[in-house]
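Note that subunit A is present in both complexes that follow, paired respectively with subunit B and with subunit C.
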Partner chain A sequence: MEKLFLLAMNGLIWGLIIALIALGLAIIFGLLDIINLAHGDFFMVGTVLAWATLQSTGSFWLAFIVAPFIGFILGALIQQVVIQPIRNTAMLSIVATFGLSLILQESVRITYGPTPGRILPPIQSTIHLFGVDYEVYRLFAAVVAILALGGFFLFLQHTKLGTWMRAVRHDREIAVAMGIPAGRVYILTFAIGFALAALGGVVAAPITTVDFRGGVDILPFCFMAVIIGGLGNLPGTAAAAVLLAFVEGVIQSVTDPTVARIASLVLMSAVLLLRPQGLFKGLTR
Partner chain B sequence: MSAKAIERSLWALFAAFMIAVPWIIPALISSFWVSVIAEILIWSLLAASVNLLFGYVGLLSFGQALYFGFGMYGVAIGIQDLGLSFWPAFALGIVASMTMALVTGIFAVRLTWHYFAIITVVFSLIFYFLALTNKWLTGGDDGINFALPPTINIGGFNKSLTDPIFQYFFVLCTAALCFLLMHRLVGSPLGKAFLAIRDNDMRARLIGLNVYLLRLIAFVLSGFLAGVAGGLFAFFGRYASATYMFYHVSGEAVVWAIVGGAGTLLGPLIGTTLFIIVREIVSTHWEHHSLIVGTVAILAVMFAPKGMVGLWNDFISRIAERSGAPVGAVELRTEP
Partner chain C sequence: MLNLKDVHVHIGKLHILQGVNLQVKPGECAALLGRNGVGKTTTLRAIMGLARRSGGTVEFEGFDLASCEPHEIPRRGVGYVPQGRGIFPNLTVLENLCIGLPGRRDLEREEYVFGCFPRLEERLKQSGGTLSGGEQQMLALARCLMMRPKLIILDEPTEGIMPRLVSQIRREIHRINQAGVSILLVEQNVETALKLCPRVFLMEKGAIVYNGTAHELKSKPEIVRRYLGLSKQ
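Up next is the complex of A and B:
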């Protein structure tokens, strides 16, 4: 019972972090029609930036500002240099972002090194919950993820930039005719996508390892969340990410992690085949 | 010179070069490059399997490594565990990957575009993890090593792939046969039906084509190509491993096919050649060759959005135009 609770909690919190990353993927995909194979590496860059901030300043907390900021700048740059010339061509975006993924991984391998490292959680204490000693940092990570998710949805619904983003995604032609600077919205979207993934990386860094291949496992998971949540359905994407990780955590309590991964993949294929329009289509509104 | 004449003489030149490789290349560079060219030919078949689905039927598969892996394991398990000789093991690998393609295809081709891409990744991940956990059968990450049985053993005549020249020609013949089959397929009524589905599946359905069945056929055929590639690669390395079933391998094949030119016969071969040669040249001098490979991929889509073959076709038609010969009759459209 304790094991079930522990793994289900871990899954839930991991799912919240994945939701952050997958949201970035979903807005890039929805707005720019870019299939971003480098998105897992955006997350990985976030974990490495967290490590670098800790090394250079001695404070992990600073990384919560530094990493998304650098991610935002990098995202804007990448959008301008790589994505802009091939926008609206999903096929070419696969190749370009694959190249981008190689470049990011290799750059990290050169600077950070090839061996995976660990960051100690900045909060070392544990709390007694339902018969287990649970790490406080994980609870803190969940709170950060929930705040970031909430902040992002508020931004999307209640600010001018957020409204622009929704407008351009809804109908680009009309949005441009209404005077919305679509070009700037594209840059902003990609930059926010990168920043969200980088923030996810910082939050996850003390839970997982810091490794130049850290994004490879994350990527399929995020894509599945986007698809199962329903293309273009952002709350659905977040919910799907949490659900997937939670289910995997629960299955892990009875079998080993690889089998749990296989089980969740099988579940996912069933969802894809039976409800390709997304798990939540028709449930909202 | 007309475009057609240029193409024909280039073909002859290309064929002559490929046959002469085992003698020219060691004399010019080193015999190491003969095996690199053999490797390129093998991987180009995997890229061709992506291209068959994407370039001709309009389905983007991110899971071709699964069938590549089944080809590898079919050969390795056939030789190591079942004690098969060369040809039955090869056949086992190909049949295994085609069967797998049929079983997964029944589900996968119900979906299209993003959904299809995702479900093919999901399927390949499932079997990747299964291969990792079932070490008794697959050897997991370590893989299976095996000793090569002779390819031909009639009377006293005995040939095996341990002879590098024979190995090269075996790979060349197999790859050439596959590309020839692909060429015939594209020209056949079946190939035309594929193109009809690629361009507009609704219209294809309305003129009475069974879109689901045709997509399934294409999927199994692409499983065949990937299986042949996997089987060859197992013979080539005397080795099979689960790492080759990971989705990164599928992704590389997609990149090779698109950079070379999706929807063209030789595009996958050209894309594969470009990337493997860059990798081999740079990796001997510099550990971080992935930076170059990544840059090449990005530059390729920026400056040659129709792939290398598209670039080449533009070039040829410009030459033909200048010399006054009629244009056209070059290769058909490249973009899907």
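Up next is the complex of A and C:
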């Protein structure tokens, strides 16, 4: 029972972090038609930036600002250098972002090194919950993820740029004819996508490892969330990420992680067969 | 005011516009007529910088529109109501209206626009996709008015809209023109176009083949028949 609670909670919190990363993937796909195979590495870069901030300043907390900021800048640059030249070509985007993924991984391997490292949680205490001593940092991570998710949706619904992003997603040409600088919206979207993944990386850094291959496992999970949530449905994507990780957590409490991953793949296949438009399509606009 | 000189557009290997010459004077209401697929929409897209020109120039108030980014064209005073309305169904009516404004809202302008289209004011929070076809058309026109255009180009604004709303939209276009805004109207409905627009351009296979006043054209039914075929008389 304690094990179930522990793994379910871990799954839930992990799901909230994944939701942040998957949202970035979803907006990049929705607006730019880019299947971003480097998105997991954006997360990984976030974990490394957290480590680097801790090493150079002694403060982990600073990374919550530094990493998304650097991620934003990197995203804006990458969009213009790598993505812009191949705009609107889904096939090329796979090749280009796969190359980008390798470049990011190798850059980290050269600078950070090939061996996985750990960051100690900046909050060491535990709290007694349902007969388990639960790490307070994980609860804190959940709060940060929820705030960031909420902030992102508020941004999307209530700011000019958010409205522009929704307009460009629907019809780029008409958006331009209404005076929206679509090119700049693309750059900012990619930058925000990177920043969200990097923030996810910082939040997750103390509960996972810092490793140049740390994004490899994350990527398929994010894609599953995007697909199950219904392509282009952002709240659905976030909900699917949480649901998937929670289900995996619960299943892990009775078997091993591999079986749990197989189970969530089966879940995704079932969703695609029964509701190909995604689990949450039609519930949101 | 608006001056197209020998505009060419190629899409792939197809030569869609083959030298379009067209002028709209300040305050004028001009119609661009032609059969399906002759290049009317492409002409408007070329004006808005959405279709890449392979030759010729588009000048607006003496300024070559090719020298600015397409998204800057609306700010220079050219409003566009695309064919099929082109509103954003996933945005609210209010968001649609304010989409091109530099600030968040422009209350003074909203008042004017709601004066023209009171139906929209009742539906501000509704998403654009839930409006009827006619209301969407009003929204598209209102959205373009919000930017205080000096010239509005409209692509078949009455296509597929019920007759009662057609006459309202026609009336609003006339009123906007009376207020001093120039109009370039693409129409399938010859009757509407001749009633609204003193100046008429006829298009055929990517070029303007007739340029004259509506009055002249009414006395030349053979031209109408030749270039517009069996269009409703």
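By definition in this document, the second predicted complex is superposed on the first by the 281 of 285 C-alpha atoms of A that agree within 3 Å, B and C clash if a C-alpha of one lies under 4 Å from a C-alpha of the other, contacts with A are read in each partner's own complex, and residues count from 1 in each chain.
Throughout what follows, a contact is a pair of C-beta atoms (placed from the backbone, for glycine too) under 8 Å apart; a residue touches a chain by one contact, two chains touch by 3 or more.
It should be emphasised that the depicted structure is a prediction, and the values quoted were computed from it without experimental measurement.
S.K.: Per the contact definition in the header, classify A:Val254: touching subunit B only (first), subunit C only (second), both, or neither.
M.R.: A:Val254 sits against neither subunit B nor subunit C.
S.K.: Could you say whether A:Ile127 touches subunit B, subunit C, both of them, or neither, answering first, second, both or neither?
M.R.: A:Ile127 contacts neither subunit B nor subunit C.
S.K.: In the superposed arrangement, which partner chain does A:Ile73 touch: subunit B (first), subunit C (second), both, or neither?
M.R.: Touch status of A:Ile73: no partner.
S.K.: I'd like to know which partner A:Val82 touches here: subunit B for first, subunit C for second, both or neither.
M.R.: first
S.K.: For A:Val176, decide between first (touching subunit B), second (touching subunit C), both and neither.
M.R.: second
S.K.: Once chain A of both complexes is superposed, is A:Val143 in touch with subunit B (first), subunit C (second), both, or neither?
M.R.: A:Val143 sits against neither subunit B nor subunit C.
S.K.: Between subunit B (first) and subunit C (second), which does A:Leu154 come into contact with in this model arrangement: first, second, both, or neither?
M.R.: Neither partner.
S.K.: In the three-chain superposition, say which chain, subunit B or subunit C, touches more residues of subunit A.
M.R.: Of subunit B and subunit C, the partner in contact with more residues of subunit A is B.
S.K.: Where on subunit A do the contacts from subunit B and from subunit C line up?
M.R.: Touching subunit B in the first complex and subunit C in the second, no residue of subunit A appears in both lists.
S.K.: Looking at the complex, which residues from subunit A come into contact with subunit B?
M.R.: Result: residues 35, 37, 82, 85-86, 89, 91-92, 94-96, 98-103, 105-107, 109-110, 216, 220, 223-224, 227, 231, 256, 258-259, 261-262, 265-266, 268-269, 272-273, 276 of subunit A touch subunit B.
S.K.: Across the complex, what residues on subunit C touch subunit A?
M.R.: By the definition above, subunit C touches subunit A via 48-50, 69-75, 80, 82, 86, 88-91, 95, 99-100, 104, 127, 129, 143, 147.
S.K.: Quick one: which bits of subunit A touch subunit C in the complex? Just the residue numbers, please.
M.R.: Listed in rising order, the residues of subunit A that touch subunit C are 160, 163-164, 166-167, 169-171, 173-183, 285.
S.K.: Along subunit B, where are the residues that touch subunit A in the complex?
M.R.: Residue list for subunit B touching subunit A: 60, 107, 110-111, 114-115, 117-119, 121-123, 125-126, 129-130, 132-133, 247-248, 251-252, 254-255, 258-259, 262, 288, 290-291, 293-298, 300-302, 305, 336.
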